[in-house]
Structures are given as C-alpha cells and as structure tokens.
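Given below, in the form of structure tokens, are the structures.
Below are two complexes that have chain A in common, paired first with chain B and then with chain C.
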Partner chain A sequence: MSRGLTRRGCGLRPLLISGLLIGVAALVPLRVNDYLLQVLTISFYYVVLAVSWNLLAGYTGQFSLAQQAFATIGAYTTGMLGHYYHVPIAVGIVAAGLVSGLVGAILGVMVLRLRAIYLAIATWAFAETLRITLTAAYEFTRGDLGLSVPTLLGNLDPLPYYYIFLAMAAASTLIVYLVVRSPIGFFLRAIKDDELRAASMGINTTFWKVFAFALTSVLSGLAGAFYAHYVAVISPQIADFTEMAKIIVMVIVGGIGTFAGPLAGAPVVQVVSSFLHQYGQWSNVIFAVLVIVLMRTYRDGGIALLLHAFRLLWARVADGRGQA
Partner chain B sequence: MLLGVDLQLLSQYVIAGLMIGVLYALMALGVTFIYSVMKMINWSMGQFYMLGSFIQYLLVVRWLGPDLWFVALPITAACVFVIGAILQLVLIRPMFTGGVERRDEYATVITIALLLLLQSLATVLNGPDEHTPGSHLPNLTVGTLPVSGATLAASLGGIAALILFAVLLRRTWVGLALRAAAQSRIAVQTAGVDLMRLDMIAFGIGVALAAIAGALLAPVYLVYPTNGAVTTTKGFEIIIIGGLGSIPGALVGGLLLGLVEALGSVFIAPAYQNAYGFVLLIALLLIRPTGLFGERLRAA
Partner chain C sequence: MLETIGLTKRFGGLFANTDINLSIAEGEIRGLIGPNGAGKTTFINLLTGVEEPSSGDIWLAGKTLLGQVPYTRARRGLLRTFQVPKLFRNMTVLENLLIQHFACGQGTQRDARLRADGLLEMAGLTRLRDSPASHLSGGQQALLQLLGGFMVERLRCYLLDEPFAGVNPIVKDTMVELIHQYNRSRGITFLIVSHEMSVIRQLCSRVTVLAEGKVLIEGALDEVTANAQVIDAYLGKTWS
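So, the complex of A and B:
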C-alpha cells in the first residue's frame, strides 16, 4: 500500500529484530569499558528521537524538523524547575513530558493544516527560534554558559544510567510499535498516502496528525529530560539544527525503509563519531558524504547493505561447497 | 514621544530594520526561486550564505582591500553560482533522472546532508575563528539620523542585486525559460528547452542570491562557519509569511520582517530581535493561513 519510507510492513518481524537488538544491548556492558558505555547511553537518547521522527516522517508523512527542539523543551523544563523551584527530579521529568506534549499539540494545530513543505519550514523556524531565544534569555537560562542540572542518581556510575536509558529507548520503541500496529497506524499511513481520500473515508485526519505530533513531542521531551539529568549541564546547543541533521543521518544509515533501522543506526553513528572525535569535525563530513552516497545508491540503508553483502557472500560460500 | 518612546530612536530602528529587510528578502527570494523552478526546498541556503561571506572576506582581505568591496561582490556571486551549479549537477539532478521514488524526501535529505557537509568542512578548515573584512565606509547622517555606512552599502547592494535579478528574469531568454518552467515543467520540455540545464542555472542563481546576502552582510555581522543560521531562519519565515513561490511575497515579507524586528526591538526588548519573526509567522498563520501572496492552496 504505502511506498517509500513505509515499504516494509509492520508484522512481528520488526518487533523480533528490535527485541534482538535490545537484548544484545543489555549484554553489552559485560564486554566494554566505561567510556564506550557512556557513548552508548547517549546514543539511546538519540534512539528515542530517531524512532519518534521515523513515526512522524516515515509513517505519517509529516517531515518535521523540530525533534531536537522538543527534547530541548523537555531538558529546559526540568532544568529550570529544579534550578528555580527545587522541584524533585521525578516531578520535573513528568512536567517535561507534559510541557513538550502541550507545545507539540499547539504547534501541531497551527502548522498541520499546511502542506508538508510548509510544515517542514515552520518546524525549522520554530526550532531555530527556540535556540536563539534560549541563548538570548541568558538571565533565566544562563544561555551558552549552560544550566547545571542535578544528576538522576546523584552519582556518575555509568552502569545504572546505561540500563535506564536502554529501558527508555525500549519503551519508546514499544510505544511507537504499538501505535503503528494499532488502527491508528493504519490511519496515519492512509493520511500519508492520500490525505483527501483518508478524510473522505471518515478518518479525522487533523486529529490523528496532531496526535502523532504530540505523542512524538512527549517522547522527545521525556528523552530530553533524562538526557539533561545525565549530562548535568544543558545549553542551547542541544537545539542546534546539526542535532536534527544527526537524527536524520542515523535514520538513513539504519535504513529509512525499516522500523528497526533507527535502533541500529543511532548507536552505530554515535560510536563511530565518538571515535572520530579526535579528528574534530571530520566525523560530520564523513557522515554527510555517507548519507549522500547511501541516498544516491542504496536507499535501504547501511545495515541492510551489510546484510545484503553478507547474503551474497554466504550464497557464494554455499555455492562453492555445492561444487566441491 | 510615542508611547514613551523617542521618535528619533524609533525612526532610526525602522530605517535600519528596512535596510536589513532587503537582505532578508534576498535570502527568501533564493529559496522561493529554487522552489518555483525545481519544486524543492534547498535547506542548505545558510551554508551558501556562509560560503559567500567567506569568499568575500578572502577577496577583500587578501587581494582587493575594503575599498573595492563592490568589485569583490560579483566575483563572489559568480564563484558561488558555479559551486551551486556543480553541486546541483552531482547531487540534485539524479532526483529527476536517477529513478528516485520520493522526490521530496530525497531533496530534503540530500540538502540537509549538504548543509552538514559544508558547515563541518568550514569548521574543519577554518576552526571556530570569527573574521570581518572591515569597511572604510563612513557613517552618514540623514537629517538628524545616524546611519551605518556598511549597512547602507549592504542595503543598496541588495537592491542592485534585486534589480539585476528582475532584469534577468524579465528581459532575457533564460529568464523567460525560467518563468515558463515555474509555470509548467512539462510544457517547457515540450517546447524543446533543456530543462536539466535550466535547473542547474536556477539552482546556481538561487544560491548566488544567498551568497550575495552573505557577502554584503560580512562587514555588518561576522564571518564564521555557522553565520548563515539566523539569516536563513528569517528567509524561511518570510517564505511562510509571503507565500512559497511568490516573488512579491518574498520582497514584501522581507521588508515587513525588518519592520517588525525594529518595532519589537524598540517597544519590547532588543535582546529578542531574532525571535520576533516567528511571532509574526504565528500571527499570520492565525489570521491568514495562506500567506500574503503565493499559492492559493496550501492545504494538502
């Protein structure tokens, strides 16, 4: 039915693959050092954003460019509440989800009447304005100096954070999976395929579009709040557009046609770029080129390309055996 | 005195706002023009703005000197035109010839990748340093109002670029072909025009407009790898205010945005100058969801 981003159906297979990836991730701490553990912890934050964005852009056809902005709203909500009102961390995180969802719903109502291309522009303008305003309002937000936020557990032992963030990523993935599997998922894909037709079949298109927008805003806002309580210092930098570009890179590298793509893409991109970090910004140059090459040649994504290569190789090996 | 605000201060802000508005309009025009012909948004406009400001800076500082900025300007525009045309040939043309399924998606992802590529390349090569080409233009006094020489020059340069653009579009064969392509791509091809070459020219002109804005604003703001972000955001806001695909919309939107920023700075606070554009955008969406000009049908 749907082509492009949603070529793959959403049977049980994506759930199995996702479960496998999460299972592997749960065992990773046995083998790696603390540094890599921290890199992977951050990558789970990106998994939430990438999975959310995939629901919006992939399944609903809303090419939003403000996923990082909602994470920023979440991070600053809990950060400011804690800083000025000494609100407990748990309350701050819940408030972060609510505020992001509310802002998402309001923005959604305003821009979702517009055609896709205007939606992308309006969300871009929203994200940039948020970053600029947070920087300009330094009396409240401390701007580029950064707002210090208490850590979630009061210590910096990486292992508990790893599992908390892994659970967060798994929960978000499950929520998005359930939405995609439910009738709502069919509504959303119907809207993407042909909105007029969907509306004529009795689907309240505006409502479901706003629903998807608000839901992904809540998920991103919660992820942003957890992120703030992990890195302990937040700055408007997390609302920078390069963050959004990074999310897109992760989805493309993981495979834009797949449900599990973002899950695999985010950790891979994050780990590779942390290793390339010693060479400065070269990692972004390399990823930009990689995305361009993938878009030009193999749109199913790097992970699928590796699988494909493996299958070809395996076929050759099996062939050789057959001849011998 | 008006609402407790000094009238001279107010008019000074309004004049400065309108002058900068011309350059916002230039930016929006580039986006709208590329969209009209190719039906795609170029998200990397800010990086071409940055390229323009860097090339202008190098030309002025290395060879020409600040007095010959107006000689450097066309060279900058030509350089970025060529870079844009080559990038279009390599990256964006396959959208039409390479069997791409979803063109919108491809164009968005490719130009965002291009944004990341150009911006990080600039950061790698330049570092986070900030430069200025400097300006020897004296500050003027119009009546009792002081006007910054560099801003005035940027504004006049912007107007000159707009006039040149209008002449190109109205008086030349290429301009005729471009206008025709904006109306119907199929009809232009039927008439025997090489549409692929036309796309290359359109993309080159569009990014050159951004580069001109960057080059003109180089002495006013600073030159560094992410300097295009703020002006690009304003360009995009103008697109929604004025309407996508509308040239008058881009011009009126640019001036309106400059005016609103000036009024906001005087009556509210200058610190949030860069946020007023979004407020204007939201207000306009509430009052007139189709924008000032542009396509009638904005709903899906």
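So, the complex of A and C:
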C-alpha cells in the first residue's frame, strides 16, 4: 500500500497497537481477581463510547457532549422492552442500536448548522433533558430507583462477561478503524479541517456529518444495551454529565486524535477511578489534577508516551548490541 | 458552457455583483480582471453555490445551477480554487489529491493513484508526496490546489480565483503549462481571476473587466486595457 495512507494516524500501525492491547487484555483474566475483572469489563463499555466519541469529535470535529446519552438510550430501549413486553434480549439489543442510531441521526440534523461551542452546548442540553426526563417519568422508568434488567447469561460469573465486553470493544474499534481508513475517513477529516472546501470539491458534507452522528450513536447504543444486561439495574445516572467527562478524560489520557488512544485510556482511567472511589467526591478533584498534569507534560497522551519510552528502550538495546 | 443572466448579489445595501451577463464558450480560457473589491470572488461564490444570488440565473452546459448546493455543482463538473489556498493541512500532499478523487472522481483507486503520481511528477512535487500539506510553501500550496481539479475526469469548467498570487515565476510557468495542457487535451473551460496581466495575456484570448460589481467591458486584453474607463477604474481605486 501507499506510504501516503500509512501516515498520520490512519495506517496499519494503530491496528497493530490496538491488536496488541486487545491481546494483552485477553490474557488479563489469568492474573487478576474478580473485582478487577469487573472493573475492566465495565471499562470496555467505556472503550466503545470513547472510540465513538473520538470519531465524532476527534476526526469530524463535532464536539458532542452526548455520547453517554446514546448509551443511555440503548440501555433503556432494551430495558423497557424487556420489562414491559418481555422481548428476547437479542431483539432488545438490536432495537437499542436502531433507536439510538435514529435519535443520533435526528440530533445530527438538528445541530448541523451549529459551530463548535454551540454544538457542544446543544448536545449537552440534549443529554441533560434525557436524564431529567428519565428521572421524572419514574412511573415508566422507575427513575432513580432503577429499572431491573435481566442479565445476558442469566448468571453473574465475571469471566464470560469479560470476554463478551472485550469482543464488543474490539469490534467497535475495528469498525471505526475501517471507517477512518476508507474514503469516508477522508471526508470526515476534510469536514473538520474546512467544510467549505470539502463541499466545493463535491463532498456531501451534510450527509457525512449526520452519518458520523448516527454511526457513533448506534455503537454507543449497542454498548449501552450490553451494559444494561450486565449490571442488571440501570438508572438515569448513566446519562449524567460526569459520564461524558469521564469519556473525554479517557480519550485525553490515551491521546486525543490518536486511533488506539481510547483503547488504552479507558481501562487505565476506569481502574484508577475505581481505586480513587474510596475518596468520594475528592476522586473527581484528583482526576482533574491528573488530567491537567498530563496535558501540561505530555499532550500526545499515554499511548504516545509508551511508544516513546519503548523507542528509547529499543534504541538502547540496539545500541548495546552494536557495541558488543 | 457557462452562462450567467442578470446575476446580482446584494450584501445589505452593497451591490457586490450587479446584472452580470457573461457567456463562456466550451474550451475557452476567460480572464476576469478588476480592481480590489470589484466583486470577482463574489462572482465565483455565486457560480459555485457558496452564496445564493439575489436575482439572475446561472447555466452550465445547458442546465440551470440555481438552487443546487455546492457539492452537486461540483459533481456536474464545476470546480474551483480559492484565493487563499485551502488545503487539508492534516493530510499529506498525496492525500489532498486522492480526496478529490473520492469526492467526485470516477474509476478505481488504483487509477487515481497513478493519476496523482503523474500530476505530482508534472508539477515537480513528487519529492513532497508524503509530507503534510502544511509543510508546503505558499506557491506550492497554490499549485497543489490547482492540481486537485485535474484529478476528476468529469471536470468541465474550472474556476481559478487568483491562482498566481504569491507564486514564484518558475511555479507560475508550471501552472500556465498545466492549464494550457488540460485546456487543449481535455477541452476544459477555465475562468481565471488574476491581477497578473502577463499571465493573462499568455492564457486568455478574451477578458472580462469587473468594476464595482458591474461588467465594464469585454474583449482582448490589449483592447480592454487601452480603454479609458478601465484605466479609470484601476487608477481611481489605487489613488483614492
């Protein structure tokens, strides 16, 4: 293949890094206890949201603050269908993807003409409205009491869930990777860079912007549905803004605009945040400080930091061999 | 090929274009000159659908373009460059050409790569093929922008907004050569906005002079530059 396409974060290298990370993740259960396994399982849910958000914000430049809302829509779609109509779980999950995608497309159309900060505010308002509606309509949703949802496998053995969620994260990453590498990826990057030029050269910018919203909403909605069938009780809390903040932190920690970033950022942040949980409200403050420190010292994020360290190490090793 | 009828654009109280009737034959290279603020860029924006005209009509190859959004106009073979070169700075030089193929090109990706390599070769940019477009000099950016349109087989009419501004003489010659070549071999129609009379003389048999949004005169370059009104229009602006 051309060297041109293997540059700038959309070549084969991100796929290799992602594959490596997933490979490592597949071996993790051999070493860790059940608690950590559950924390990591949840982190794969966040991987899907972070990878989706990276496509929407990082590649297309649509800085949405509603990624968690689409997961919520997915979770409640399958939850309510199961609760009220007793539809099979598989049907509920498919419906979750469809409903989230549809709502995502509609939101995408509504914010088409909005620029940067206005788009962020509008999507934030959408997510808040959703959260408040779910809380207020407690007669249907059971609000903060929580809606109970049957579990995917009928039991709570952590190991199968771990692999199911890992597969889900890997599949989402692969889908986003294929999109980014295809001509669609060119269109999305072009739209971020200069929408007027993109349109002048024949790109249907409207369509692709809505497409990015719809696709990332489908992925998030599916992830939300799986999440619901894992945690067994869902509440409007999953639509809270702190969830969105967490997604952004994950992408930043992994490295914003890098492809494999979210894949590494999500588990790290999830593990650290579950550890910080014992400090209650202070955990948020500690997190904020960590992010600021990382942004100030290493803006390219954790993946780049690791690669950098690896390269230095490799140079040492190669050097040593040369001298021997 | 390209025709406007009574094309008018108002920005509030300002008439940026007033009743412009312009007709460019297929395979013609037309020059569009005029002092700063004459409305040349506005005219190109109207043709490409970036702005909607206040009144008037635009025809391309016998069909109206009115009501069509920019991307469908591009797909009908009407492409443009921008006065300040617009490239995708986060893409490589090669990718900047490929994306034009993805946007509205025909044929396989393989063909597109071959074509892109050929164009870069002709333009002397092969060495920079895999560099980010942001590393190019201003002149090279203008050149790359021009090459973009040539990636598309269906290109019929190419609108160039001051393609030679800030371009060194060698690159300028390359650009003139490319324009001549695509005009002769593929019969592409050009509308070229420029202040550079020497280049316009090399390329255009006819020029249209725009001043304060109106067509002042149309004819061979030497004819129009001898015209008293044209001299007035240019000098009036510069001196006042």
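To be clear about the criterion, the second predicted complex is superposed on the first by the 291 of 324 C-alpha atoms of A that agree within 3 Å, B and C clash if a C-alpha of one lies under 4 Å from a C-alpha of the other, contacts with A are read in each partner's own complex, and residues count from 1 in each chain.
The criterion applied here is as follows: a contact is a pair of C-beta atoms (placed from the backbone, for glycine too) under 8 Å apart; a residue touches a chain by one contact, two chains touch by 3 or more.
Owing to the predicted nature of the structure, the values given are computational and were not obtained by experimental measurement.
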Touching partner for A:R13 - first (chain B), second (chain C), both, neither: neither
Which superposed partner A:E128 touches (first chain B, second chain C, both, neither): first
Chain B versus chain C as contact partner of A:A136, first or second or both or neither: first
Touch count on chain A, higher of chain B and chain C: B
Partner chain(s) touched by A:F186 [first = chain B, second = chain C, both, neither]: second
First, second, both or neither for A:H277, with chain B first and chain C second: neither
Footprint overlap on chain A, where chain B in one structure and chain C in the other make contact: 3-5, 196
Footprint of chain B on chain A - complex, ascending: 3-5, 57, 63, 110-111, 113-118, 120-122, 124-126, 128-129, 132-133, 136-137, 195-196, 241-242, 244-245, 248-249, 252, 256, 280-282, 284-285, 287-289, 291-292, 295-296, 299
Contacting residues of chain A [partner chain C, same complex]: 2-5, 7-8, 183, 186-187, 189-190, 192-194, 196-205
Chain A-touching residues of chain C, taken from the complex the two chains share: 48, 50, 69-71, 74-75, 79-80, 82, 86-95, 98-100, 102-104, 113, 129-130, 132, 148, 152
Complex interface listing, chain B residues touching chain A: 35, 41, 43, 91, 94, 98, 101-102, 104-106, 108-110, 112-117, 119-121, 123-124, 229-230, 233, 236-237, 239-240, 244, 271-272, 274-275, 277-278, 281-282, 285-286, 289, 297-300
